[in-house]
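The two complexes that follow have subunit A in common; it is paired with subunit B in the first and with subunit C in the second.
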Partner chain A sequence: MDTLAPDQTRADAHENEAELTRQHAREQWSLLSLVIPALLTIAFVVLLPVSWLFYLSFTGDDGGFSLENYQRMVEYKSYYRIFITTFQVSILTTLICIALGYPLSFFLAQLPPRWAGFFMLAVLLPFWTSLLVRTYAWLVLLQRQGLLNELAMHIGFWSEPVKLVHKMTGTLIGMAHIMLPFLVLPLYSAMSKIDKDMMHAASNLGANPVRAFWSVYFPLSLPGMVAGSLIVFILCLGFYVTPAVLGGGRVIMVSNQITAILENQFDWGAASALGVVLLVATILILYLAARFFKFDAALFGRN
Partner chain B sequence: MSWFHRPATDTQITHGNRLWLYVVAAVIMLLLVIPTFIVIPMSFSDSQYLEFPPSVWSMRWYEEYLGSTKWMRATTTSFKVGFLTMLLATPLGTMAAYSLFVSRHRANRAIFLLLITPMIVPVILIAIGTFYVYGRVGLNNTITGLVLAHSALAIPLVIIVVTAGLRSYDLSQEEVARSLGASRVKAFFLITLPQIRFSVITAALLSFLTSFDEVIVAIFVSGGANATLTKHMFAALRDYIDPTIAAISTIMVILSSALLLLTQFLGSKGAKKR
Partner chain C sequence: MKDTEHTSTALPIRIRDLTKRYGQMYALKSVDLDVHSGEFLTLLGPSGSGKTTLLMAIAGFNRPDSGSIRFGDKEVILTPPHKRDVGMVFQSYALFPHMTVAQNIAFPLKLRGVSVAERAGRVEEALETVQLSGLGDRNIDQLSGGQRQRVALARAFVFGPRILLMDEPLSALDKKLRERMQIELKHLHRKLGVTTVYVTHDQREALTMSDRIAVINHGELVQLDTPEVIYNRPASAFVADFIGESTMLPLTRQGGNSVFLYDQKIGTVEGPGTDWTLVVRPERLFFAGKQDQSDDTKVIMTGILQETVFQGESEMALVGIADDTELAVRFGTGAQSDGTKAQVGQQVAIVFHRDDAIIIPGHGLT
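== the complex of A and B ==
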């Protein structure tokens, strides 16, 4: 039988292989092109405008490069106060959310799935409801003649109506209510993945339930809690609506100041500089957290 | 043995030991749910001042809402923008999610990070930035501008929801279809899409709601005849308390609850099928 020369076969095989690689590459590129429309939309709405603001923040009154917008931030006391308020509100909201969210997530994670799904609606219903509507509800609940004041006076916590809204208290209550689902959802998901046998093993080895919780369950739930707290904290930093409505001008966070600058002075440089600082702080916190905890899996749901 | 003394888990804890947890969880859940639904009874009050419980019941704020050109026009805008956002963000996000899920490209991680920037960048920056850029290209106060901005905010959500759907689906089914001669496009539409349809529908509802409830971008970018419901509501909340908002809020709460229950229903249907 006439066989092909060995050289010939090898050359064919090479060509085949090269063609396959080319096809594979073509396929990968055509698949990749599917992201282009989404990418263009985001580039036009987010990347381009934010870069523009970045540029504006480094532009002085004369149109040249200048650091005056940032310099003002260091020099003026009012800016300092705004950053302090922003961090204070964000930290306190996160702490309130942990205090309320941890027991709630623990409760949900202990339930059989069917019941957990039902009680989860208590977290999901507010989560899906407009933030504006919930802020409005708190505005009504917390006012002087509101339900909360009347209830507290009825029970006897205080005898005179207390001012709760248009100050820090009301802002924190409203923000904690809005942010709580953002903590519970990742925390619950982390808790429900904890192997039940771990707790059995702990109690088999003689740990009482309290000890078993603190030395086994709690450390295992920590990544979910950190991820949830981080989401809450980052979202709080950029909050606008709730402090504007429930703070009544007394709780001024970075976002509120940015709008105030644009409304009153129309100073794009100053507003952009504040925005850039907010963005850099956000990215820095995310970056550091990712470094320390390696949980972008928990954050972005990627494995 | 009564429920109270029965073990709650396989450790030594009984339901009785755990009663405090049930009470705490119940209180927190009530705190979450009550403020969400309190606007419903409030909206039927006859009083100028927001009171709860209302002393006299009436439909007057609904009449006010339905009779106002301003509110009606804003409602139409919000629904239109929400619907168009859904139509734009869902296919774009689904395409991106599919591409990132199927391809094994080196750039995938960087692309994914770019695609979720709308979730990382504070919304106020997106709002003032688009306001500035739209001012140059004449997109402020237009439906197009608002739909584009809201779509950018919705695309990351669509990607996350659809990716979760793709992850629970066996991709080799699509490969079988392709090895039998179907093109990739045909295999996607005939085999993959029907199997991830619950995720895609959830993503679509979520993008509608993202747009419908969005406040900050709408405050800056929408206006004039194309101002959204949320823009008017925010202005009304800041300046004076108009009980008409309670009526509008009720409609919004019912709408979002209905959409949520719909996704839960679809989700359980999707899970049963598997």
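== the complex of A and C ==
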């Protein structure tokens, strides 16, 4: 047989080691380079403007450091009412989404995958329509001479047209419709990962269906529900279009107030301060949720 | 809710005419099966044979189309699963990840209204039985596969069910652990004395553990007997092929009831049918010695040694005895082995005892 001198082979092996290390490093760097566009975008589109707003919110009329923008928020009652409305709308929308979305997700999770895909399409379909179109569609449906009022009066539920839009009711209907998929998607994902044997085991051990649901299924679906609820809640906090159109000036959330300040007073400092408070409130809620619900586990869909 | 006493006795299961269809396909085709009180019965069959469907019907997780299932003298086919009072070990274990080991095991006790103090004692006792003492406070994700298996087992028997069902409980474990758990499960069964129905597709596991084996194929009960009879006297080509290794050779029926392999008489058969098949197990075949030639109780065949395969504890020789017909011969590899010194391509003589010949009706597997 034809063999190389042993020491020669050894020397080659040593040389290979250096090259193998280099190849490994190159691979790692090329992988890292994939996130560079995203990082740059976030830096210029998010971090920079947010920092600028932050700076503006602490700047007074004279251009120097001042807390007057925040002072105003504490002093004026209207600001207080705006924050209450914002949280009220967000909490109620989230609760409506849970009430509608939990049974829906449960239903989807029981279906064979092919049928679940079909029904999921129905849930996602509104997603592909413009937000504005959907909001105005609700305006048409819910107004005094709208489809809902006509139908209800025809059947005899009520005799006079009921005012549904330009108040809280309409806003909540529209918001819940728009937010529902954000709850259903993570919740369905968590539910479909629950082993069918779990419920079998619960009933085999003696739990009736109601008991089995509350002691086994519900706790296992909770991470998905928390994740979905947080997404809905946080999106609601900063929502603008739907309260503007369906609230008709009577449901003023933080975003609507920011627009109003900019349009009427052109006061960037005051608008920025509102934005900063909303941001801080959101971060605070996320932090608390993470403390109580092991949020990262929920986001990655682990049971 | 009633408190199930720990000192419960076992219950027999009587299944009659149980049928379950999925569309046109029969998952179970009028199955009759009696599981004796306290016995360890294994449902054995290939995947899709209906063995799991049968187990799920006993547990109450599927709704059969017709038939009767009795636990003792109580008809249960209409009883929902949570009122059947049977223990079950699932293939996936189905341990509740949001509960600790102790909470998992206490779950059935809690549902039966057992007091907190008694619950703790019974959980500890169950943990001791499965050799997991002191692990009650662990979370499920902190346990190894073998430990999860034991917790699932403890949870299934802690409430003193009189029937225990197991759905391939060892299939997720590695080979070594699986073999140890087989022995442990057998010990546990003896200790609890509970009627046990065990599902597996692993024929070796079935032979190792069972009092009786019910072989199931295409939704029908094919043979029900002790492991020895199932192995030594399979009733059909399917059973012979599915359990253990075997070579099947066609027999010809001549002169009434005698069947012949080529020109040697192998034995006699009863019943009609002209087609019969000889089944021989590799470990019941030997290379012939001089004394075998004159022995009436033995059958000798000659052939060409085609191949030998070393497999560790044994060696397999393939011997061609006719066109397209190969015999597998298994022999030991130790110093006292009765193997052959023949080289591949040489002629060898193979012998088997007449009593080891299995004669089954039909054309083999086709």
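Definition applied: the second predicted complex is superposed on the first by the 264 of 303 C-alpha atoms of A that agree within 3 Å, B and C clash if a C-alpha of one lies under 4 Å from a C-alpha of the other, contacts with A are read in each partner's own complex, and residues count from 1 in each chain.
Please note the rule applied: a contact is a pair of C-beta atoms (placed from the backbone, for glycine too) under 8 Å apart; a residue touches a chain by one contact, two chains touch by 3 or more.
All values reported here derive from a predicted model rather than from experimental measurement.
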{"item": "Partner chain in contact with A:H166 - subunit B first, subunit C second, else both or neither", "value": "neither"}
{"item": "Touched partner set for A:L278, first subunit B, second subunit C, both or neither", "value": "first"}
{"item": "Subunit B versus subunit C as contact partner of A:L48, first or second or both or neither", "value": "first"}
{"item": "First (subunit B), second (subunit C), both or neither touched by A:L220", "value": "second"}
{"item": "First (subunit B), second (subunit C), both or neither touched by A:H200", "value": "both"}
{"item": "Of subunit C and subunit B, partner touching more subunit A residues", "value": "B"}
{"item": "Subunit B versus subunit C as contact partner of A:A212, first or second or both or neither", "value": "both"}
{"item": "Set intersection of subunit A contacts, subunit C complex versus subunit B complex", "value": "200, 202-203, 208-209, 212, 303"}
{"item": "Sites on subunit A touched by subunit B in the complex", "value": "28, 31-35, 37-39, 41-50, 52-53, 56, 100, 103-104, 106-108, 110, 117, 119, 121-126, 128-141, 143, 145-147, 177, 180-181, 196, 199-200, 202-203, 208-209, 212, 234, 237-238, 240-241, 244-245, 254-255, 258-259, 262, 268, 271-272, 275, 278-279, 282-283, 286, 300-303"}
{"item": "Residue ranges of subunit C touching subunit A (in the complex, touch as defined)", "value": "1, 59-61, 80-88, 90-92, 94-98, 107-108, 111-112, 155, 159"}
{"item": "Complex contacts: residues of subunit B adjacent to subunit A", "value": "8-13, 17, 21-22, 24-25, 28-29, 31-33, 35-36, 38-39, 42, 49-52, 88, 92-93, 95-96, 98-100, 102-105, 107, 111-112, 114-118, 120-126, 128-130, 132-133, 148-149, 151-152, 155, 159-160, 163-164, 167, 209, 212-213, 215-216, 230, 233-234, 237-238, 241, 245-246, 249, 252-253, 256-257, 259-260, 264"}
{"item": "List of subunit A residues in touch with subunit C within their complex", "value": "195, 197-198, 200-209, 211-212, 215-216, 219-220, 303"}
